[in-house]
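Listed below are the structures to be examined.
There are two complexes below, and they share chain A, which is joined by chain B in the first and by chain C in the second.
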Partner chain A sequence: MAKQIYYQNDGYQQAFASLADGLPGVPELRARAFADFMATGFPTQKVEEWKYSGLSALANAVFVPVKTTDRHAEAESFLAQSVPLEGAVQLVFVDGHFNTALSQAGDLEDGVTLTSLASALAAGDNRLEGRLKTNEQAQGRGLRSVNAALMTDGFVLEVAADTTVSRPIQVTYISTSAVVGHSTQLRNVISLGKNSQLRLLEQHIGVDTGTYWSNFVTDCTLGEDAVLERTVLQEEGAKAVYVAEGDVQLAARASLKAFWLTLGGQLSRQSQFLTFNGMEAEVALYGAYLGAEGQSHDMLTVMDHKVGHCNSDQIFRGVLDKGAKAAFQGRVIVAPDAQLTNANQANNNMLLDRSAEVNSKPELKIYADDVKCSHGSTVGELDKDMLFYLRSRGLDADAAEQLLVEAFIAEVLEEGLDAELLDFMQLRVRSWMASHTASPLTAEADGKERT
Partner chain B sequence: MLEIKNLHVNVGDKEILKGLDLSLRAGEVHAIMGPNGAGKSTLSYALSGREGYEVTEGTATLNGKDLLDLEADERAGEGVFLGFQYPVEIPGVSNMNFLKTAVNSIRKYRGEDEMTAVDLLKLVRSKAAELKMDPEMLKRPVNVGFSGGEKKRNEMVQMAVLDPCLAILDETDSGLDIDALKIVADGINRLRAPDKAILVITHYQRLLDYVVPDHVHVLADGRIVKSGGKELALQLEAEGYAGLGIADDAA
Partner chain C sequence: MAATIEAERQVEEATGDYKYGFITDIETEKAPKGLSEDTIRFISAKKEEPEWLLEWRLKAFAYWQSLAAEEGEPDWAMVNYPKIDFQDIYYYAAPKSQEDRPKSLDEVDPELLATYEKLGISLDEQKVLSGVAVDVVFDSVSVATTFRETLQEAGVIFCSISEAAREYPDLMRKYLGSVVPVQDNFYAALNSAVFSDGTFVYIPKGVRCPMELSTYFRINEANTGQFERTLIIADDESYVSYLEGCTAPMRDENQLHAAVVELVIMDDAEIKYSTVQNWYPGDKDGKGGIYNFVTKRAACRGVNSKVSWTQVETGSSVTWKYPSCILQGDNSVGEFYSVAISNNYQQADTGTKMIHIGKNTSSTIISKGISAGHGQNTYRGLVKVLGGADDARNFTQCDSLLLGDQCGAHTVPYIEVKNPTAQIEHEATTSKISEDQLFYCLQRGLNTEEAVALIVNGFCRDVMQHLPMEFAVEAQKLLGISLEGSVG
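Let's turn to the complex of A and B:
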């Protein structure tokens, strides 16, 4: 891989040195990760998986985490934006550090352990080491290496066998710093025991005024018959670079249902690696991304059907306004013995303006013969007939466009979210529409030629 | 009330309306008949402001106001309603939400307060009942999976809720069964009022038995070629366009 020089500077060296005593427990792992980052750097667009997301924004400064933060009041004001989720256990991270005062721990069932990564490591939980390691063979792994090297915190969530976590776990990540060159490096570890159940909601919020970098890695294992419902609302600040990677390992009959609503950031990239290790497991991934001028959203999913009799379904929908970019890469791998695999994938995009750009790339690598795999991707514009129908009933250009966009997104929201979150997420979509889209139709409407 | 003078409309490079004159007074119902492809739907789209219908000459005013200068939604705000020959399906938008947005958009245009959700629901339910539409259909996405007749009936529910002052109904009677035709005709008759005008585009006398027009016009090759009373429709039914010396093929 081509080396880039910009990250090989004193800034990252100093940050690493200064953070060395910040997070206890795994000094060798971190040193090794840092060396790997120095050697590999950020993934470039020459790496297939990174073809559509250039990380050049990260080249302009050294983006390092703060060692401690006292920006309590700033963080608190952001909490007004958080999802009101009845009965949830609240975890709040501010600028990369768990914030006890803003969090509401609350009672959890016996068998549920929820702690910050910093305290888990301080307590000497040496089982974590294996979960924090970076695969030093993986292409484009630089982001994981730098995350392991500079991580300041995260959460560790362990659910024992046969335990249903009755209260949802809600995690809010807040970036308050408007100083260019700030980064958040968080690492989460989730382990669901056999036949356990959990609902998890994560929300990313941040300041609009500065370029900061959020870098998340989440490692998740689901035991046999375990059920995880995960929802992620990405509302990072307008100039943020947001990258998140997730690994999910599924044992037999385990089930994951996940939803990503991506609205924020200047550049956002979500990479999800899912591996079926036991039969009859199920994954359903849903996502909606809305992009306005200057925004770029990129989603990569790698669905690795190592064993047969598993189902995976993916539905991702995007709406892109003038000058916005998005990419969806969905790779499905079906191993030679993974017979009776059922893998479906759909990616539908709506462009509100000709200048919007989308790359949709399904990639099926199927080595078994008795499988059902489908993929479909579409890129369309607002339907002219529908627009005229709505306008003939009195809706102005903006209202008609908004209604059609909401309808387009509603279909995936309704599939991917339970009633409790649906209304809230619909409101987020609506307010995003109201604040981000100009009136691209007005110009077209003027084209209703008259002489 | 509606004054159309020397209207020329191009679709693409083709001139479809070639100098059409038509005048509707308040309180009147006019019927337009004419061969396929004569330009009837073109007239309805030009009056309601559809993109791609280019007015090259002539005027159209509603109560003295220049319609052609307004956007489609502004025309709706002024009280124009088009009953579509082919109503459009809108997945993901419920009929109820659609009507709610439409009513409040028009009220906003007129500088009126929004109608409350409760009042709106009442209004829509009562209009749906008048037109014997199953209230369950209000929850369904607009026209999606509706039968041809159900779509037309849905147009009439929208018309009743929006209460326009000029209704242009493009073949609203096509595809309706006998009972539905009566229900729709009742709906049209309910709209009749001294301050409103209705323009019915139809191929059949049937509807005009129930909605008795004050004037009947024949549109052929982009112009009104003949006008008369309700008996003109009967004559057409008996003799066809050929009987009036009009080629059945406008092209």
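Let's turn to the complex of A and C:
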């Protein structure tokens, strides 16, 4: 009766045995999580939530984290790509380990605790263990368990009640290792006390030459009236497999505004599970993803309205060029009695090439009657009239296409980012397009014109 | 018009919780309970089927058995029901009067005729007044077929599927299972193995079917699974409108229904398929009711072909149904208009699939889901555009209406696009009846129930207007009846 819906790889058994001693803290938790991972394995496309991105790429080799790293110089060269954010506290992780030399901790307000996960675990922080959730504690959520078993580091950020963190926290994750089978397993834990505020910017950068696996878990707890602004720029290496998962728990009147700009990786998967536990909380999620040359971007959001009077908004936009694939799976759940919920989802996609593919599944599960829920999804190509207009103004085909794509993406960038980050992200989009798109559509248009 | 009046009379007359809940006491001839090769041989022998069809059934049965052993029943739909014991079901039941097939109404068992009378079908009245030919399926066997001669003049073949197997073997062999193959899914395999009867329609080239074809299904005999099989072929430049409607007597135990409907549409042809489904939904506590697991699919094989599914789903305790369109021919058009109501403890997981393969294909999906009581209503739909489907166009609108705070409305759309020239739009909303609208109606003197019925009918108008006249009136009344007791 049992369906074979997971990839197994026994190679991990040996890898875990040889690694286990070197990993910081919580051996029981690791053993339990590892057993869970061995029992389930990697999800195949038969698992509904992984329908559009099976992880066969990960199942065929063993990806393990390195115990230590000395690739300081390589990492430094990558840092030139990082976002210049005024006055930010800088945390830098290199190949899965916190790098003190490259980081700039700086002063933080009283009531803010920021440590690396490795040191927190080494110090034997008992409270922490309960917050390192595995698959078992977060049903059907993919790769949490393997992360819990193999996690090398990460950050633990706690903000006390009534504290506004004035400086933004900027975290840069760098993968320098071109060794096949390298993986980065990081775990971040964020908790914001009542009425506290935080701005967080994360950036993922990596080498283009090798296949490596980045597996991130970032769990957030937002207390009453807490405000979190989170921005994630994903620019992993061209052959990387990037899997990130987040669990967000919101108390009453808490607010989360999050933005994901996804540009890198061969296969990227971003899953966010958000739960409203208190009334009048708000979540706004924005995402932009650009894909080309065999890239595959997969977004999953699960918005669980457990209580009423909460708002959630989601806008995800994607541009897919030659050979690229993307999926957006959004699920909004409104529990019985979660009255006066407002939930919106919008997913707009633009296909630039015949070989591009997009899959969209905006799902609603509604068990309460006095709610306003909507979702919209569109797929289309560049508007030919708009292209014609721009061409008639003297722009060449590429420039016209670039302008239209930029405008399409700009709408979500402007919604989801503050002025300080907007310019930089727009630049990243522009440079991504310059290096990735060479659309045969416009080439075709050119050809037609000349004849 | 007579049919309309008839439908109105019948609905108005009806009182009580389930308007069509009565049981006809006719001895039926049953196959032994349970499912085995012998059951299938029994059915096939009863039907006097050719050898190839028996083999086809046995092949389907072998596949079903392997599925049942490996994976069991499909469980992905958002419905809950106790596991079905497939060995605890009768797979064949025929009215006894089948032994000597009646040539005219006079020869039909008077008790059967009385049943039709109660249902408001009234064969002779319809025969004389409405011009609708009715192929009545009473417990798996076609009992009487009217207007055969008129249709024959036009060259239209309209008969039971077992008759077609005997008389039109070439057509049957060519098309049976060509749209819904034996291996398609669990219930399609089951149906292929044990289908008892159903309707076969062939519209030849250039023929516009002179009348609307209609089949009334009716489940009688307790514990009898109904496994209808419908096959409609519209040859080049032909047109047919087909009506399917069903009611069932009140029962305590769940009854399984797994039908398969296959439509084949050639160049420039069109099929309009309308369904009003009003089987026993179970009582107020969710006890009893029909399990309705249906595979319906249309293959638009020719250029400029068109298919239109219109359904009003008010009955059944569990519905699992996705009328689909394979838009293979260039410029082919698929349409899906649906109203699904789930009241009390009813569960409906329904929607459509639009597979765009040909160039310039277009599809429209309008789905209206209404949940009341403890009902759960899910729209599950797929719009798929393959690489070669240049300039494919889809518009999807799914609206859900919630009446009461114990019910659920769910939307699970899948959009899969592999062609940049495709234009796909999907939108969905979920809401309850607006207080303002309700207030306005009440203030005009309607009571709450009437007001809700009126608003719900307005909500469903986009779909209802696609129903043929005869169905539209009955369906509107049905909406009101189905929602009785859900407000107040």
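Observations on the structure shown:
Keep this in mind: the second predicted complex is superposed on the first by the 422 of 451 C-alpha atoms of A that agree within 3 Å, B and C clash if a C-alpha of one lies under 4 Å from a C-alpha of the other, contacts with A are read in each partner's own complex, and residues count from 1 in each chain.
Note that a residue touches a chain if its C-beta (ideal position, glycine included) is under 8 Å from a C-beta of that chain, and two chains touch if they have at least 3 such contacts.
From a predicted model like this one, the values you see are computed outputs, not experimental measurements.
When the shared chain is aligned, no partner comes close enough to touch A:Asp10: not chain B, not chain C. Applying the stated contact rule after C-alpha superposition, one finds that A:Ala410 touches chain B and leaves chain C untouched.
Of the two partner chains placed by superposition, only chain C is touched by A:Ala356; chain B is not. The larger set of touched chain A residues comes from C, when the choice is between chain B and chain C.
By the touch criterion defined above, A:Gly394 reaches chain B but does not reach chain C.
In the superposition on chain A, contact is made by A:Met386 with chain B only, not with chain C.
Of the two partner chains, neither chain B nor chain C is touched by A:Glu28. Put simply, chain A touches chain C in their complex at residues 1, 3, 48, 336-337, 339, 349, 351-381, 441. The touching residues of chain A, counted against chain B in their complex, run 384-386, 388-397, 399-400, 403-404, 406-408, 410-411, 444-445, 447-451.
Chain contact summary for the complex, chain C toward chain A: residues 70-72, 76, 78, 385, 387, 400, 402-432.
Chain contact summary for the complex, chain B toward chain A: residues 48-56, 68-69, 71-73, 75-77, 81-82, 84, 87-88, 90-93, 97-98, 101-103, 105-106, 109, 141, 158, 162.
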